[in-house]
Every structure is written in C-alpha cells, then in structure tokens.
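What follows is a set of structures to go through.
Here subunit A shows up in two complexes: once beside subunit B, once beside subunit C.
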Partner chain A sequence: MASLAHPQQRQFNPYSENGGTILAIAGADFSVIAGDTRQSEGYSIQTRYAPKVFRLTDRAVLAVNGFAADGNMFVKKVKQRLEWYRHAHAKDMPLRAIARLIQTMLYARRFFPYYVYNILGGIEEDGTGAVYSFDPVGSYEREACRAAGAASSLVQPFLDNQIYFKNQRPAPGTSHPVHLPLPTVLSIVIDSFTSATERHIEVGDGLEIYVVLAKGRNLQGLEGIRGMQELTVTEDGERVFVVRRELKKD
Partner chain B sequence: MDHFPTNWGRPRNDAFDAYATHPIHQRPYNGPKDTFADGVQHTQQPIVTGTSVLAIKYKDGIMMAADNLASYGSLARFKDVQRLHPVGQYTVIGAGGDMSDFQYIQHILEELSISEISAQDGHELGPVEIHEYMSQVMYARRSKMDPLWNSLIIGGFKDGKRFLSYVDLLGTTYSASTLATGYGSYIAQPLLRKAVEGYEDTLTEEQGRKILEDSMRVLFYRDARSLNKYQIATITGAGVSISDSLHLETTWSFAEGIRGYGAQTQ
Partner chain C sequence: MSIMEYNGGSVIAMVGKDCVAIASDLRLGNQALSISSNFQKIFPVTDRIYLGLPGLATDVTTLRERFRYRVNMYTIKEEREIEPETFAHLVSSTLYEHRFGQYFIEPVIAGLSKTPSGGVKPFIAATDIIGCLNFAKDFVVAGTASSKLFGVAEGLWEPDLEPEDLFETISQSLLNAVDRDAFSGWGAIVHVITKDKVTTRTLKGRMD
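And then the complex of A and B:
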C-alpha cells in the first residue's frame, strides 16, 4: 500500500539514451576520432545527422556519446573553458591539460552526472598521437584506442584484436607493430562502423572521421581519400581533417 | 554510512529500554529548512495536453501543422486552442505536451521579445536564437528536476535561410528536414520523410499543404487524442502566416463493412 505520510509522486527521469557509437585510435604521429551521426531514442530515429565529434582546437578533437542533451551541454562548456584559456594565455590548451580539465568538469557533477562517455583524441605536446577515454564521472586514462557508446561491445573487441593484436601470434621471427600506419587505421575505423551498422540498430546514417596530424607530418596516407576536407587553415602547425561517409540508413 | 549508532535500530531486548526513551538524541539535519518542504512539488505530470506537431521544410521555407485540441486525460477538454505560436517576425513555435507550461513559455518569450525590442540595437531574434534560448531554458529546468513538460518544434526563416529544430522536456535537441512530436513521430514522420526527404528545395506550398493535411488526417484516424480541426503555419521570406482553423474531411463509411468496427447488426 502506498504510504500516506508523504505525497506520492511519479519520478521524473532526467536522462535518456540517444544511441550511436564513437571510437578513437592513436597512431605514432596522428590521431583518428570518429562517430556515426544517427541520433535515436528507443526505436525512433530522431535525426540522421547530429554530430557527436567536435573539433576543440587545432590539435584536440572530442567525441561525446550517451545522453545527447548532456553531451551538447558538456561540449559547450568545454569549448567555453578553452576560450577562456586562450584569452588568458594566448595559446591553445595542451591535450593532456584538456584531458585533466574534462576529468575535473565531469567529477564536479559526481552526484548528478553528465550521462556521457567522452573520448578525446589529438596530438600531445611531444608530437605523439594520443587518445584519452573517460567514464561519465571522470575516471580517465591515455590509451592507444577506445570505442564507446551503443555498439562499444561490438567494436572494442575488434579493436583489441586489430590494434593491440590480442589473441594473435606474430609470424616466427617477427613482432607486432607498436603503431599502425594511417591508411590501415582508417580502414579499421570504416570497417568498424559498417560492421556496427549491420549488427546494431542504433548505429548508422552517416560517419564522421576526424584525423589530426602532428606538426610537420606529410599527408602520407590521406591523399585520395574520398570525401575528405581540411578544417585547419595553416600547414605549419597540427592539421585537422574530416572525412564524411554515408552509412546504411535502415 | 550513518555514523549515529542510535539510528541503527532499537535494541533487541525490550528489557533494556522498556519505556522507549531510546534513541535519546535526534539525528542532525543540515539540509534546507523549509517549513513547507513536503508541499513543494517539483516533479509534476502533464495535465491539459496537446498532441502531435508536424513540420516540414519546403521550397519557400517551413510549414508546420498542429490540431486545436487540448485534452484533459482522455477528455477532449478544449477544442479551440492554438498550439502554433508566432515569436517575432521570423519564427513559429509549435508545442505538444502540457498546455499551461506552453502558455508559460509564450509568456517568457513575450518578455524576451519586449526586452530585445527595447534595446533598439537593430538586432532581431531569429529562429536560431529562439531555439538556442528555449533549449537552454528546457535543459536548465530538467536539471532542476522541474521540467517544462513539452515537446517543441521551432521553425523559421531569416536572412534567406530556413531553420527547423526540436527541443523537449529533457533538453534534447535535433534538426531534420521533417519533424514530428508525440504520436506524430510514430505515425506521421515516416509519411513526411517519404514525401519530403530529397525534395526540400522543389516542394511547392500546395504540395506541402497536401502532405501535412494527409498526415493530419492519418493522425486523426489513429491518434485518440487528436482532433479534425487544425491549423497550418508557413514561415517564408514574406514572413509568418498562421491559417484559420481548417477542417479535416474524413470518410467513415468503410467502417460499416468491418466487423467489430461499426455498429453490428448481428
């Protein structure tokens, strides 16, 4: 029986889950950050184009996945903090500092969390490609690759196998490479998303792949990629590119 | 962890405290001291509700449709309610969900418009700004666990650009060339997508009206909280225009022949 002491109320649920998947892979001198563009709720597709991957600076790209309203608000606040940093220090915030900033901002909401998984990719100050992944309350680590979101359970094992060579034995007298070349990484990313689209109903419609190249790195492996567009204006710093592809819409 | 042992429960042996003097002290309370705390009801539920809003992009701008019904549960309570509301010269906001919350939204947008006009700085709020403002309001209210219980579609046309976007009680936003709220998202959205996607720049006003009318008719046949009286708004380079109430023509003669649908003779 319902208690009479307190008025009975239906609880309002301030969260929702908007599907989609993101992933990022770090190379020796580049970083690739990708996400699909479908936004859904339940069995309904809300829109076929809602970006989940955002360029923060010329060397940092952030992918957000989970509750879309929280994600958009979080990205907005991170961008705001980065702008303040630029005004105060006349330079862009370094990647590892952005990572710590994100952890602090997420943990600040420990008791009413942003229901969002974040993956930050870009170029470190020493010129290496980096990926940082976060949980919704701010636990984070630097990794070589990470998948998050609706199809993370499909994609992460694939990346473990293809990037970390888990359960693979190198041919006698050889060893596994520590970093993969850019064309290989791009193929793995595209295959990950076409496969996730086949097997997960919340993944599909469009694919956005951001590529961040370290300072001075040539375009090796990017030339001739279909649907590629440069987002940076100068060639003497880190460079950011985006590749847009279609995914199946069913 | 409760650090006050006296809150852990009464001793098991009644002989130890036969007169119920235990616990001795009160557990300190450091929360806000509001005499009427039990009376403050944040989380509500929608009471008088509107159903679907539909919207499409077409050649000249944006077209939106909503019926004139405000329901009180299953009771068709108010049958002459306008759910398409103009804001400024470039924007229309259409609402489903709680109608008193919608009236409050109309009120805050009116206040916003007044303060913007008062500035006399030559700036005018377009659909982009109205949508951004509403999404921040809706998200802020959901974060206070005191949501405005609506699904809003904001459509407009300013500086030669069409704009069509959605925001709801959770602060979730998205835009697409066709949008629908409530039951419309299940029933009308597939029809709208089939008719509009890929034809956004060629659809004429006449074709757009036909698509929306047909969709509103399907909704009236299947959505038990809908009405055959509706309005259509167009937002184009020429400005905002919201029609008078229109009547949906429906056919029910087919029901006669379906057993279990119309009156049964045996």
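And then the complex of A and C:
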C-alpha cells in the first residue's frame, strides 16, 4: 500500500513539439508557401511524410507548424469555417478576411492555445502576392517573407539577406528590387530547406512547395519545374500548384 | 540565466582558396544592457594564427593571457613558431584541464599551416567549453548567434573562395546573423589571412 504520509503529484502535459519548418515568400503577383514533411517527437521520427502546408481555397494556402495534433485540428476548423462562408456568400473568402478569421480563431483559445505558428500565403483581392504570419495566440502581420518552426532561427536571417537585401548596398545608380521573380524565389526556398536539413535534425525527408499565381498570370517561371502538380479547383481565377522534392533523410 | 549569454558575442571562421577568414561582433553586454561596442574577442597568436574567444568576458581576458603564456613557452622551447594544428590541441588540452570547473568560452581557431612543399594550407577549428575539437572543412561558428550563423553560412558559403569573395561571404554571414541576435552585434571585425598578409577590416553594421 502506498504511503499516505507523503504528498503526491501528478501532471498531464497536453502539448508536445513535432519539429519541422515552414516558410513563405510573397512576390508581385504570386506567393510561395513551403514546408518540410518530417514529423518527429524528441529524437524519434514519427513519419517522413506528414504535410504541414494545406490548400484552403484557390487563392489561399496555410502552413502550420508546432504541435501537429493542434495544427491538424486548426486547419480542419479553418476549412470548415471557409465552407460555411462559401454556403452563405457563394464565393471564396478573400485572403485578408481569412487572416482576420485565423486571428479570432486563435485568440478565442487565448487561455488554452493551439500550440502552432501559422503562415498564410496567397493572393490578395487586388491581385498582389501576400504572406501573413501569426503567433500562437493570433497576433499577426502582413509581410513579404517569413520562416517559422524548428529551423526558423537558421532560415530567417538568410531570408533577411536574400529577400530584403539586408546589409547589402545596391550598386550606384541602381536599387534593390521590391519583389523577386518566381524562379529566384523558388531557388531561395530550396536552398533554405537544404541548408536547414543539413544543420537541423528535425528538418528533412521531403519538401512541399505550394505556388499560388494571381488571376491571369502566365506560368512564366514554372515551366520545366520537375514534378509539379496543379491543384486548382475553379476556372479562370487564381491557380494553385504544388512542387514536391526530396530532402536528405539522415 | 545562462552564463554563455551573460556578456553575449559571436565568432565565425571560414576556409577559402589558400586563405582563411575569422570574424566577430564587437558587443560587450551585461545581459540585455549593452556596455561596449569595441570589445575585441579575436586575438593574433602568431602571424598566421588568429584565435576567437566568444563567451564569458572575464574568461576571454584570462584565456587570452593563458594562451599568450603557453604559446611563448612553446616558441622558446621549440625555437620555432607554433603550427595551427598544434595550437588547436594546445587550446583543447588547456580547456580540458578545467573539465570540472570550466572556462565559459567556445574558442574558434583560424590559421594557415605550412605544407612540406613550402605552400600554405587553410586551417580552421573550434571547440566546445571543455575542449572537444571540431576540425571542419568549410566553416565553424560559436557564440550566442551560433544557430543563426549556421543557417546563413550554410546558405552562402561555397568552396574555393578567393580572399575578397571570402571577406564578403563571412561579413554577410556574420552581419545578418547578429542582426537577429539580441546578444550580438554593435559592429564587427573581420580578419582575412592570406600567404603574405592579414587584412583587417572593421564593419559598422546596424548599431542597435
């Protein structure tokens, strides 16, 4: 029989951390949202293919990173809210409205948060590429690029340098571009993930890159991309593509 | 409170084509409060060896003097300059002597070693606080911004960089990494070591 003299303590921890990294970059008329597919807990790999990036509509893609169970549940609930919106208004919710919806959904759980960092990418109503990044309780901001997750500290300063041209001065008489062309962005995304895979144990296995193109934009920059697949549902609107790549598995 | 973050600071070293570079930030802090923007963490050991000492500032001073003493003793006894490989092992054994009461420093060594044919071979190394050596072929990082330095350097570095390109690569790696680190920054210093000279440049960067 257990001693009754000593105080006992029990605890249940409802959260865990499942590694991985996500990243999004906005262009002038496109948006790129990417994530690796490794899911781990501690030093164990649970699976080499667990998607963290999801198509919400033809103009919105959501990447979720942190506690995978919360992430999957959160995406499920966002998709449900977007379906209700479609039934009520007979159209897809605009990107900025999805961003605000995500804020309210996250803040609704202020005192038992979804343990996830969200990055929303897509096309705004004015046809510009956009990236919105969120903290777990819904604080958000529209940006040109953002990395989140296990290797965010490795990737974000690289993006500062390559996307925002931080610590670089343009040659006399020239200026830094505000938006980069699609092929450049794709190269930077792939380089970021191969670098993160090399130096971070929780990143690797596979890479999924979603590309959202603005309405009427041609496929320039995507031609000849190996293993590309179109996920667009509606005609003559924005178009969504996914590119799948292998990453090192060690 | 982590003792490695008490004063802040970061160092990086890179290999190029017949050259090496070593760079650090210049901040000295007391936790979040910045004290100095001219705190040197990199010291010359010989004409061809430089040593970076990020970590607890009081140990930076102590170890600098300790290595100066030990290198002088080596030079007198051997009647020749110490080679980078030898110096790396001297650093390692000096730190391991204090295995159970460590100096809170993660040294970074950069130098050119002599080859039998009379040429030079780039050499870099780093150790943890108890002297476990890491001889990397590409680059080594240490300090409070190490995770950021790993990310940027892994993305920017390529083999066989000429001295001027190596300077640009190491400078951009350091500057962009320390800008995302609250404990590092406030200016930077870069040394590029080649066969016949050492080029030292002080960088401003963002001073916030």
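Methods note: the second predicted complex is superposed on the first by the 239 of 250 C-alpha atoms of A that agree within 3 Å, B and C clash if a C-alpha of one lies under 4 Å from a C-alpha of the other, contacts with A are read in each partner's own complex, and residues count from 1 in each chain.
Just so we're on the same page, a contact is a pair of C-beta atoms (placed from the backbone, for glycine too) under 8 Å apart; a residue touches a chain by one contact, two chains touch by 3 or more.
Since the model is a prediction, treat every value here as computed from it, not as a measurement.
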Superposed model, subunit A: greater residue contact from subunit B or subunit C: B
Touching partner for A:Val131 - first (subunit B), second (subunit C), both, neither: neither
First, second, both or neither for A:Glu198, with subunit B first and subunit C second: second
First, second, both or neither for A:Glu41, with subunit B first and subunit C second: first
Which superposed partner A:Leu95 touches (first subunit B, second subunit C, both, neither): neither
Which superposed partner A:Ala151 touches (first subunit B, second subunit C, both, neither): second
Touched partner set for A:Ile163, first subunit B, second subunit C, both or neither: neither
Contact footprint of subunit A on subunit C as seen in their complex: 147-148, 150-152, 154-156, 171-172, 175-177, 179-180, 205-206
Complex interface listing, subunit A residues touching subunit B: 6-7, 9-12, 14-16, 18, 39, 41, 44, 46-50, 67-69, 72-73, 112
Residue ranges of subunit A touching subunit C (in the complex, touch as defined): 151, 153-158, 160-162, 166-168, 191-192, 195-196, 198-199
Contact footprint of subunit A on subunit B as seen in their complex: 38, 41-45, 139, 142-143, 145, 147, 166, 170-176, 185-186, 189
